[in-house]
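Each chain gets a letter, A, B, C and D, in the order it is written, and its residues are counted from 1.
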Amino acid sequence: MRVGVLGAGGRVGREVCRAVADAPDLELVAAVDPGMAGIDLRQVAGIDAPGLQVASTIDELVRAEAEVAVDFTVAPAALANLRWCAQHGVHAVVGTTGIPDEAVEELRGRFEQSSANCVLAANFAIGAALMTRFCELAAPFMDGVEIIELHHDGKRDAPSGTALQTAARVAAAREAAGLGWPPDPTEDLVLPGARGGRAPGGIRVHAVRLPGLVAHQEVVFGAVGQSLTIRHDAYDRSSFMPGVLLAVRQVASRPGLTLGLGPLLGF
Amino acid sequence: MRVGVLGAGGRVGREVCRAVADAPDLELVAAVDPGMAGIDLRQVAGIDAPGLQVASTIDELVRAEAEVAVDFTVAPAALANLRWCAQHGVHAVVGTTGIPDEAVEELRGRFEQSSANCVLAANFAIGAALMTRFCELAAPFMDGVEIIELHHDGKRDAPSGTALQTAARVAAAREAAGLGWPPDPTEDLVLPGARGGRAPGGIRVHAVRLPGLVAHQEVVFGAVGQSLTIRHDAYDRSSFMPGVLLAVRQVASRPGLTLGLGPLLGF
Amino acid sequence: MRVGVLGAGGRVGREVCRAVADAPDLELVAAVDPGMAGIDLRQVAGIDAPGLQVASTIDELVRAEAEVAVDFTVAPAALANLRWCAQHGVHAVVGTTGIPDEAVEELRGRFEQSSANCVLAANFAIGAALMTRFCELAAPFMDGVEIIELHHDGKRDAPSGTALQTAARVAAAREAAGLGWPPDPTEDLVLPGARGGRAPGGIRVHAVRLPGLVAHQEVVFGAVGQSLTIRHDAYDRSSFMPGVLLAVRQVASRPGLTLGLGPLLGF
Amino acid sequence: MRVGVLGAGGRVGREVCRAVADAPDLELVAAVDPGMAGIDLRQVAGIDAPGLQVASTIDELVRAEAEVAVDFTVAPAALANLRWCAQHGVHAVVGTTGIPDEAVEELRGRFEQSSANCVLAANFAIGAALMTRFCELAAPFMDGVEIIELHHDGKRDAPSGTALQTAARVAAAREAAGLGWPPDPTEDLVLPGARGGRAPGGIRVHAVRLPGLVAHQEVVFGAVGQSLTIRHDAYDRSSFMPGVLLAVRQVASRPGLTLGLGPLLGF
């Protein structure tokens, strides 16, 4: 399968280039990054794809006959890239975050009418997808739940997209089970904000930011006499790669737009 | 629903008596314990079931017209009790541990031919059942896994029954996914035993025993650049009660022998 | 040493009565509780102190010739009790929370002029005192720190007194080391409160409330490429007893008012 | 201060080169690595030290007038390097592991008679040094303790050197407090090794090896009704750098051989 990478010069993009180049069943045929055109990725990132240079425009995908494009760019660029992919019949695997809901719906329509498919996920770490799924499954059986996410101090948004998504899915599962909002006993709040932020659906979310940390999330469920904790730790951007490769290999057989890794994992 | 408790004088038994007496849809009609016959449970354990005394033999269940018996005794007593239940058409909910596999199979046969059913679980904490299930679901997607269980220093067996069961189910899930044994890199073992015990199926299990702890288990999965941790903490025997009551309410509609809480939780 | 317990009918008070009665070097000579006068503690709480009844007023301490009073009541009652102790020359060990700072200063003056001494601590769990001390020691060497406390859903104040005290001592240690406020990178706060409450001194504190939990605190420090986590779990009110007995045994040799368990542990 | 790095071509060595080059008060003047002589570190590792090349022999330190040598090599090479440093009056900061105790004693003698000093530590992460110290301080006050260390599946020795050192220091602290061996209640060991390895001094140590993990250690103390957990997570080799730079800056003022980071941190 012939793969092109959009945002190839970025930190995740380089990692994707490396992972694709290393996979025996995939071929890295195009690397696109406007700001780094002409760069020899082999030299700067040790990628073993002879002769590959970074091109500056997405049209490179046509020239290189790419079947799948992997996009790790920024939201506005990704939106333009994905419209292009739908139009040109190139499958897309997208890890770029911050694409607004209404743009996602527009893309759904475009890929439903295209010969190409799209897999879009906020977090390509398979362990994070399992965590979210397990939280959904546990929600109906446990009396209460709160989410703690912990990230490095370079992360400026809080809470993380993964935490918000977990909260949404847990809230939906609680509602489907007729559980309503988890009770909040706190009356005497000495420090404003100490009880965290309340996500839509009522789940409390706490965001920790510390130097040294990478990307971690802990979901704590409570019930009579017990607690159940589900935690994911990502130590490295490499944690995304197995999920990205899984999506690259499956995207051709998943018509339309697939949201999240869940369906690719069988749930 | 009329409920009798076997092992009513024990620590878990008393807690079961209390939970049944407190449940509006259940009635505590018999309390059996050979060593404590004639005791007023109301006085020693604050149980609100007027006139109830602890009887010494299981035949009390007949006199009291119990529909369900809950057994928290010891393995040999439980085996005799369960044969009696199958014979007398009284449903059984059993949390007694240490019943050998071949005795479980014998009981399966007896309950299949009885009008009564049986639910048998090593751990009635709903959170523990969720943990085990999630481990089974995660196993095919993660590269390695080890189990750490931590208990109070009064527990003499190691590892715990729950840890062994988790290991067995994770191993089965890995095998079904064609994963084989998790790799073990350790060559230079300075302290014998440091890498834990190897359960059937190859999973490493580590057992911690410390004063102050109650009953805890942590299952750690690893994959490229990440880990996924599923942890259950039981702080109190009360953690079993929701699971016991769930089983009491469902046992009449689950023909034959049901193993574990899983099927009652819908998986 | 002859010991009286104030608030003897409360949940912690009963536990203290039991611990004192069980200690070979201590004698439980008085149990005071206005609401429960005349109650036989032996019967309701299994306390082995023959003939001991619950009296309704603190004057019982005189009659019983108590040398030390242990107070687990509520703030206003404790304040009156402690004034009485200072006046009557009875040493005091106090675990009642919520006594205002200015009242503590008043008591310091009274005990400095009394033949009796006082040990006052918000948390008598020795492990919690160690946690707080270690946080203070770690603070100068780590770049950032946040506090997560987790309690059962019956706790109405947030954050906990222990969390606030930890935050204050960590902030003082950072300031003494010239570290200033920990940096906070968050700009885009999707949910108000998600980044927790900011304690005086700048430390972020997050409070989780869930059914089933007991009393837990986790302090996470971050520095280049690493984190250091110090966690205390109290599973039971019994966790206070070793600290209470330690204070009872040492109070006579600690002139004036001693704040916290630290000095009794040698730091 | 002029610094040379021995083992400059290795993974930690490169990181040290980078950290030294980036520190405004330090100058990277020599990089030694037999296997990589002539390599331009600037190109392969982005190190900004103009004109610096990797030399093949330690004599380069003389030519470059290095005041401090940092050694991250392998035990036999390090031993030769350190003898050379003691002889030539170059201070040494050593993170190479596996140097036998008797060789350490030999080096102690050599540096005591040299104008140069040596700081040798098995783990340069400041958080790990704090963890070990806190364990030592907690040991006398807690009833029991076990150590769990978790590392990536490329680590072949078990348990880790840090775990063994922690066990030794905790055992010494317990013995000094007259506590004797922690009790072990386990009688019925279903899986050999499940209770971990017993370090000299009696502490149980459990070693987990999983793909994806980096370097983690958790020390769990138990006492009546509570537990205290001290955990260090190293996510990256960068976690060593602050400790290495601290040692480089202090080594000139620490006569003889200093073992561990503790003394540099003030304990």
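Definition applied: contacts are C-beta pairs under 8 Å (C-beta built on N, C-alpha and C of every residue); 3 or more make two chains touch, one makes a residue touch a chain.
Quantities reported herein were computed from a predicted structural model and do not represent experimental measurements.
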Chain whose Cα centroid lies at the greatest distance from that of chain C: A
Contact-richer chain pair [C-D vs A-C]: A-C
Chain C-chain D separation of Cα centroids, rounded to whole Å: 38
Between chain A and chain C, centroid-to-centroid distance (C-alpha), Å: 45
Where chain D touches two or more other chains, by residue: 212-213, 221, 223-227, 235, 239
Contact graph of the chains (line, ring, star, complete, other): complete
Interface residues, chain B side, partner chain A - complex: 125-128, 130-131, 133-134, 137-138, 141-142, 221, 223-242, 265, 267
Of chain C, residues touching chain B in the complex: 212-214, 235, 239
Residue numbers on chain B that touch chain D, as the complex places them: 143-146, 148, 150, 153-159, 164, 183-199, 204-213, 220-227
